[in-house]
Amino acid sequence: MTPWLDIFTVAAVSAGALFFLAGTVGLLRFPDALTRLHAVTKVDNLGLGFVVLGLLPQSNGLFGALKLVSIWLLVQLSGAIVTQLIAGAVRQHGPRG
Amino acid sequence: MNAATLFGLCGAALVGFGLYGLVTNPEPLRKVLAFNLLGSGVFLVFGAISKRAAAAGLGGDPVPQAMVITAIVVAFAATAMAIALVLRLLEETGRATLSSDGPGGTSTDGGNS
Amino acid sequence: MTISFFYDVGLAVLILGVGTTTIFAHTAFAAVIAFVVYGLLLAIAWVRLAAVDVALTEAAIGGGLTGMLLLGAVARLRHAKVDDIRTGLPVRLVAGVLCALIAAGLASAILLPPAVIPTLAPMVMENLAQSGLGNPVAGVLFVYRALDTLLEKVVVLLALLGVWSLAPDSAWGGIPALRVYARPNATLTFLAQLLPPLGIVVGVYMCWVGAKEPGGAFQGGAILAAMWLLVMIAGLESPPSIGRPWLRLLLVVGPALFLAIGLAGFLLANAFLAYPPGYAKPMIVAVEIALTLSIAVALGMLAAGPPERVRQQ
Amino acid sequence: MPDATVLPDATTAGGVLLVLAIVLPVTSVLLSLALGGRQVERIACVLMPCGLGVAFIIFADVWRSGERLTYIVGDWTPPLGIALRADGLSAAMMVTIAIVVCAVGAFAHADFNTRAAAVETRAPFVFWVMLIAIWGAMNMIFLGGDLFTLYVALELLTFAAVPLVCLDGRAETLQAALRYLLFALLGSILYLVGTALLYGSYGTLDIVLLSRRIHLEPATLAAATLMTVGLFAKTALFPLHLWLPPAHAGAPAAASAVLSAVVVKGSFFLVVRLWFDAMPGTLGSAGAQLIGALGAAAIVFGSVVALRQQRLKLLIAYSTVAQIGYLFLMFPLAFDTVSAQLQSAGALTGGMLQAISHATAKAAMFMAAGLIYAALGHDRIAELGGIAQALPMTVFAFALGGVSLIGLPPSGGFLAKWLLLEAAVVTGQWWWAMVMLAGGLFTSGYMFMVLSRALVPAHEPLKLKTIVPRYQQAAALTLALASLLSGLVALGPVDVFQAGRPEAMMVGSR
């Protein structure tokens, strides 16, 4: 049982890390603010989601798992809102504003 | 080489960079930033000292850790005060600079000697 | 060399890289952004140094609140006249050499530890049970070195009064401007309605858990302060006038209770800042709760800045 | 005997007084914030006699017993806990600072009156709270037995002092305050990194424990150097003095008096604690000479620049730069080449007396200058003619302060410089004697420059802008007299400086 859970953890966290890597490349390479935002948020959610998913079997008990999931939810929330704010600012002042 | 030594050296380097920024950068806000970097470098030195003194089943000596917590709060208070001063200066003069009187730009150069 | 060591090396390199960016970046804005990232990386370093309490403090105060202060300042300084004074090359060279020397001196002290590394950890743990606390850092902060903690609270209050003192005379008794967003923003308002209930739960939990696990008054207070600031920035609630009696009372309630319990130690435990046996934990928890409130209000008001206008009646 | 010193610290009778000396100001700060600005002067009025009384009782205790007072906070002995200790140095400094703070408090009633105000106003509220906080921080610095507690006390002092500099909100003073804050922060962070290294090497920051464990090694040396440089920046020792003149000269008179007389003594006292108590054998001959050289440079530089000033307050501020130099001359003079240690003999007494007489004299001079400024509406030295007739008591106070700075008998400054000169002669370091004599000449020069102008009768009767209250003049005169008469301690408690100091015992048993 345990080795399978560990293998699952390694696989999921690696997948998450891969998404983070892709997102970071996108952040650096995409041409303007909006596409960069797209890269960062989309991949952050997936990346962190996979990392949290992978760590769930390693957490100690239900409370720990709950904490992990709430971290993901909070990052989702703040990510979505901050993206909105930045995008709004870009629309208002132009990409260099 | 272990984590304690590694982050201790990192802290030492940060102290150097922070000090350099504090002394040479003419903009007050950048000086405040440099002070924060310098401070965090010092805290890392504390952290290294705490980590290498791990004993009694603890990951580190809690005494330096408590000191760092105190010092972080003090550094935040200092930053708030410095920024309030910079902004008030901006309001009064339209500028944020330490040099109204010629040589003032180099006035903090003494800070390193 | 374990794999975690390579992880640490990567982290240290990142910290150094981002840290030097805050010094050498061309614009102040870039430097501040780098500093916020730096604060988060530093928090991870503190976890690696087995100092979770410090990591929480660093993330909340060092990175979060300081970052917010600096960002606000950069935004307002954008229109400042820049005088084009650059520090001369000779000065920079001399400063560089001296700073390098100091860094090298520190590094040598780190690389040449004493033969027997002194530690107070066993002594802290031996006496911790007596206080009923489980978190050794809380033990140091509230039992062994309580005097430092008490004085440090007074330092924060003085800094706040110092910030307030920068107001023009006519604005005394007014409210801090906290001009981060000029216009109300629907998205931000949404966040400011959704997050604070959650944040308050986390802050209270952090304070409550501090007695036995990492956390405590500083960290909890910083989270509460952040929630309060969010509400104020979104414009849901105006910052209070600095003359409000409830504000002043909240500011002093923590240190005052701490001092009162410390003085009670004269009668109950035969020494200043000593706790009577068996009652240490409830007393410390009471002090921590009061301090959390005071710290939250003090940090929030520190970040909000000096009063700028008198409330219109 | 060494056995006696290994005994663990314990709270001594009268140790409670040490707690009181810190708790009283802290309570007053909290009360002032809670009750608001209209009550703050009343709170200060209650605090001042109490604080003064506590300081005198501690002094009397230490003097009578010749022993150190100790209080173990929370019953946790160092290294785990924190000890408060009062030896002769702390007791003498505490009394001095208490006297200065009380005189400044009396003086400040005119400018920062809150009793008549209908609402809380900014400047008086901030002034009184910060004055009380400075007092508390200074007491903590004098009594603190732990280097990290002393760091917190230093920060307390900084945060209380900086707002006083820019109390009037003018652009120049804001700039001076910002510069002061940056220097002070640099100083305290350097001090902090030193404490980190010391803790890493010795596992304690308690001064008494450190003095037993300390030995020469790279980390100790690095720590000591960084801490000393940081404290120099806070004390404004040449060449780290650049922040001081604008900060001290721009503040309101009562604030200038506190900043120049009291605040710089805090970091100076820590330098003394560090080298004489925590690590008496670490400084080395070269280090002592280097500190002395910085002091000498400060004397020469500060005096020469003071001579060239056209404004009275700036002249007094530069005079502070010079007088700070004297304080550091005691390091080479106290250095005993035989034992390679700093010894608490005549030179230490001289240095501390210099700090005390400077504190009282400088506060009196800044108060007098403030009154002159208020009366004339300016402080241009060239236009001081006639002021001696208009404000005789004030000018007399200023002159008496100058007498102490120059070092004429029977002033405290005379006794201090005499003890330092004696040490210079005994140890054969004639060059420091030369510097001191030259400094005395310079000081006479700028005092003469001011007084000669002030004593010239005016061509037409002076029109004073405001009537200067007599009690303000009396406060300045009281401090000036205190400075003058502090030389008379030679007849009485001059040996109090040696009370409760471990080196005295060690030298005796050698």
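Letters A, B, C and D mark the chains as written, and numbering starts fresh at 1 in each.
Quick note on the criterion: contacts are C-beta pairs under 8 Å (C-beta built on N, C-alpha and C of every residue); 3 or more make two chains touch, one makes a residue touch a chain.
Source: prediction; values computed, not measured.
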Pair joined by the larger number of C-beta contacts - C-D, A-C: C-D
Between chain D and chain C, distance of the C-alpha-averaged centres to the nearest whole Å: 31
Euclidean distance of C-alpha centroids - chain A vs chain D, Å: 56
Mean-CA-position distance for chain C and chain A (Å): 27
Inter-centroid spacing, chain C versus chain B (mean Cα positions, whole Å): 14
Contacts with two or more other chains, residues of chain B listed in rising order: 15, 19, 32, 45, 48, 52-53, 63, 67, 70, 74, 77-78, 81, 85-86, 88, 113
Residue numbers of chain C (touch at least two other chains): 102, 106, 113, 117-120, 124, 144-145, 148, 152, 155, 159, 162, 166
Residues of chain A engaged with two or more neighbouring chains: none
Pairs of chains found to touch, sorted by chain label: A-C, B-C, B-D, C-D
Parts of chain B lying in touch with chain C, wherever the complex brings them together: 1-21, 23-27, 29-30, 32-34, 36-37, 40-41, 43-45, 47-48, 50-63, 65-70, 72-81, 83-88, 90, 94-97, 99, 105-106, 109, 112-113
List of chain B residues in touch with chain D within their complex: 15, 19, 22, 28, 31-32, 35, 38-39, 42, 45-46, 48-49, 52-53, 63-64, 67, 70-71, 74, 77-78, 81-82, 85-86, 88-89, 92-93, 98, 100, 104, 107-108, 110-111, 113
Touching residues (chain side chain C, partner chain A) in the complex: 185, 187-188, 190-191, 194-195, 198
Interfacial residue positions of chain A with respect to chain C in the complex: 74, 77-78, 81, 84-85, 88
Chain B-touching residues of chain D, taken from the complex the two chains share: 148, 151-152, 155, 158-159, 162, 166, 169-172, 174-175, 177-179, 181-183, 185-186, 189, 192-193, 195-197, 199-200, 203, 233, 239-243
